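What follows is a pair of complexes built around chain A, which joins chain B in one and chain C in the other.
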Partner chain A sequence: MIWVDTVLQGVLLGGLYALFALGLSLVFGIMRLVNLAHGDLIVFAAYLILMLVTLLGLGPFVAALIALPIMFGLGWALQRVVLNRVLGTDILPPLLVTFGLSVVLQNALLEGFSADSRRIPAGWLETASLPVGPISLGVMPLLTFLSAIGVTLALQFIFYRTSLGRAFRATSDDPVTASLMGVKPASVFAQATGIAMVVVTIAALYLGTRANFDPTTGPARLIYAFEAVIIGGLGSLWGTLAGGVIIGVAQTVGAQINPEWQILAGHVAFLAVLLVRPRGLFPRAFD
Partner chain B sequence: MAAHYTVTTRTTASQIAAAAALVLLAVAVAVPFIASRSLIQDLFFILTMLTLAQFWNLLAGYGGLVSVGQQAFVGFGAYMLFGGAILWGVNPVAGLLLAGVAALVLAIPTAFFAFRLQGAYFAIGTWVVAEVVRLSVAQWKAVGGGTGTSLPRDARDAMWGAGWIEGAFDVRASEARDILTYWLALALAVATIGGIYWFLRTKRGLALAALRDNVGAARSVGVDSERMKWVVFLVAAFGTGIAGGLIFLQNGRISPDSAFSVIDWTAFVIFIVVIGGIGTIEGPILGVLVFFALQTLLADYGAWYLMVLGALGIAVMLFAPGGLWGLLSGRTGVQLFPIQRRLNRHD
Partner chain C sequence: MALLETRGLTAFYGDFQALFGVDLTLAEGETVAVIGANGAGKTTLMRSIAGVIRQALGMVRFDGREIGAMAPDEIMALGIAMVPEGRKLFPSLSVEENLLMGAHRRKVAGPWRLETVYDLFPILKERRGQPGTALSGGQQQMVSIGRALMSNPRVLLCDEISLGLAPVVIRDIYAAFPRIRETGASIVVVEQDIGQALKVADRVHCMMEGRVTLSGRPEELSREAIHDAYFGAAA
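And now, the complex of A and B:
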């Protein structure tokens, strides 16, 4: 029974990792950009929500709702002002610029909020749980997982059912031809990063309410997100969700065997998948 | 009358630079005779960071391999030096070679995994490997597990050459060790710069530069890009491992968090190379001087220092991708380490 519980907790934890990963997956899929500041942007959004909660006395979900458009705007501006300038065939400039951004963000947060670890208060929800047979599942982990499914469905809908999604796919396939058809890649990329930041904000809400975070939490979140994307296969949103679940289960099972092995077990699972299926479990893109 | 041709890489500037470098090297060797201990420690820091920067530049600037996981080789090399000294009584100076070889061995599985990841994902792949090595080393109880350990006193005292320096300079044992590690760092930095310069001027170096400039064109004339990637990655790991061993030999204390620090051994190194000028040998040299100056000026401002460094790195990448050396060289045409071949006609 303990193992069923462990695996279930792992699946739910995987929902959080999938939320970390979906934004990364979206941006990479559309513009082949790997944002090394992705994890730090999640932590930044968590501090933004925390500030709205403590300064305005709002509930965490209302605060996140206010943070969503702010983060969308920031993502849009980041892409427009900085990242669009460095996109191209050379992978070096975008990597180094986002790496620089990661260091700047971490230290700006350190300066602004100190190194103390913080948590977004969520009241009774923090400890609430639902009994499912002999196992009890936390309400927050369940909400996280359901949100991950919801975000995947929403992104899937945007991608395949809207004109914006058509522009995304066209620009991803061939930006030059897409621009001949009246699509402006610079603007499409800005909107994509904006949407990725919306997903980042949702991830930040659950990161901040479920566990402590501090300014240096970001890079590890980037690594989990990246592992989930690679395990799932580039370009597949459902694959990313599955990748998150695999990392989550590997971590809880590892922790069950020896608490010191939690993080290591997740990384080992990633390396094992990379060994057997270098293109991930459900690859769609070819690059 | 038949013309004949010769190929040269030398320029007037490079000949002056070579002469100046020899003078500078002689001064650098003699520094311990006149300088204070803190100056020697500063120079040690500059030289080891320069070595790390040159190897990262070889990887990213020439090999196109943007690694964010070089701390794996710094940390693993350093840990093998400590492990060798603690478990098998290896002399720490000989342990430097062990550090390099250990990093080289680690680089083989690392490359095997990371080369499966295309382009930008390679960067995070190397980072994951570094995390795996850090977490695994933290389980190694003989070298202190997660809290780390110090280099044992008898290993420290046994360091080759330290006793001689102690007598010759009439200094305390700790100062003698600083002088010894400084000379080792100087030798390593000179060997690194000399070795990379020599390598870039060979046939393989030409192949590497061709790959950097245009992968497709280089392959079409028979350059084996896969093989060059392996060579560069393994060489960089070997050198980075030795540098890591040396840094922690001088430090005398090691812990997983300090040995595998992504900020110290990768972020700083990347900023040095980017600010100085990526893809040139001169760039990291200029970059490490700027880096040291910034650190001295802003040391008291903590987080602000890293913010300035990060912002400067972003600004350079956006507005002057060639770095400071690129600006300088672009204006004046000066090359201190020329690798371009020029054809001269003699009638």
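And now, the complex of A and C:
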């Protein structure tokens, strides 16, 4: 029974890692951009939600709802003003720019909020749990996991059922030919990053309500996100969700064996998958 | 007045000059062929008109408007659609999605929509759900032409649609051209297949090394003149 519980907790934890990763996966899939500031943007969004909660006295979910359009706008502007200028055949400039952004964000947050670790208060939800047979599942972890599935479904819908998604895929295949169809790659990319920041905000809500965070929390989240994206196969959204779950389960199982092994077990699972399937579980047919 | 006109068009790849003052006119409803050997500058000419290669002001006019410096998506919105060299289907998109991409930006009512493109190339309807890249070369070319038609363009630019295709397939594809012309579209066909070009075109321009070396109506041009303009007089 304890193992069923452990695995279930791991699956739910995987939902959080999937949320960290889905925005990264989306942006990478569309514009082959690896955003090294992704984790810091999640932490930034967590502070934004925290501010809305403490300054306006809002509940965390309402605050996140308000943060969503703000983060979409910031993502859109970031892409338009900064990232579009460095995208090209050379992958180094965007890496350097997003690394720089990561450093800037961390320092700005340190200036603004100090190094103290914070948490978004979620009231009774923090400790609420649902009994499922002999096992009890936390309401927040359950919501996190359901949100991860919801986000995957929504992104999947945008990607494969809307004209915006068609333009995403066409631009990802061949930006020059897409522009001959009337697509403006710069604007498509800005919308994609805007959507990625919406996912980042949802991730921030659960990161911030479930655990403490401080201005330097970002890079560690980035690693989990990377591992989930790579395990799943670059550019595959369901793969990213599966990747998050694999890391989550590996961590809880590892921790069950020896509490010190939690983090290590996640990384080992990542390496093990890569050894068996170097291109991830669900690689895209076209690259 | 010409619908589309280039005047003294030049183009560069870095320091390399690919076009040296190309003048081309296309009247409403007309079909013009541009022929020339590999490397003559035909694709560069098409890409300059479509905006993939940005031009200085004053070099390209469309419908009385200066379009040389515009971005490709703006030019396509005005009604110039391209069937690019090598077909360039989107591999992640199905046949039908490829077609729909043609009308992504320019959604004007006109003779061309999914049903009429499927009428023109019935095989595409059978294959509508497959990835474009699963099709044969000729079928892919049909998708590429259909995709361009989906925007109901005023000018259709076709870059070497016969490239790499078997003669019967080429004939099938060119069999669609009378129906495309009937809808009033003006067409530029770039071809290395001289016979095909002379058949469909009202006028022909021959290019060599970035210049137009011969122009005229197909019936006015002798084989020798075309040969000289194509390969150079010394060849």
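One rule holds for everything that comes next: the second predicted complex is superposed on the first by the 284 of 287 C-alpha atoms of A that agree within 3 Å, B and C clash if a C-alpha of one lies under 4 Å from a C-alpha of the other, contacts with A are read in each partner's own complex, and residues count from 1 in each chain.
Please note the rule applied: a residue touches a chain if its C-beta (ideal position, glycine included) is under 8 Å from a C-beta of that chain, and two chains touch if they have at least 3 such contacts.
Predicted model only: the values in this text are computed from it and were never measured.
In the overlay built on the shared chain, the residue A:R32 is in contact with chain B alone; chain C does not reach it. When both complexes are overlaid on chain A, the residue A:S172 reaches chain C alone and has no touch with chain B.
With both structures placed on the common chain, the touch criterion links A:G182 to chain C but leaves chain B unconnected.
Once the two complexes are overlaid on the shared chain, A:L58 sits clear of chain B and of chain C alike. In the superposed model, A:V103 makes contact with chain B only, not with chain C. Once the two complexes are overlaid on the shared chain, A:I70 sits clear of chain B and of chain C alike. With both structures placed on the common chain, the touch criterion links A:L142 to neither chain B nor chain C.
Within the superposed three-chain model, A:V7 lies out of touch with both chain B and chain C [touch as defined at top].
For chain B in complex with chain A, the residues that touch the partner chain are 60, 64, 66, 68, 113, 116-121, 123-125, 127-128, 131-132, 135-136, 138-139, 262-263, 267, 270-271, 274, 278, 302-304, 306-307, 309-311, 313-314, 317-318, 321.
Chain C makes touch with chain A in their complex at residues 50-52, 71-73, 76-77, 81-82, 84, 88, 90-93, 97, 100-102, 104-106, 147, 151. Considering their complex, residues 163, 166-167, 169-170, 172-174, 176-184, 284-286 of chain A touch chain C. Those residues of chain A that touch chain B in the complex are listed here as 28, 32-34, 36, 82, 85-86, 91-97, 99-104, 106-108, 110-111, 219, 222-223, 226-227, 230, 260, 263-264, 267-268, 270-271, 274-275, 278, 287.
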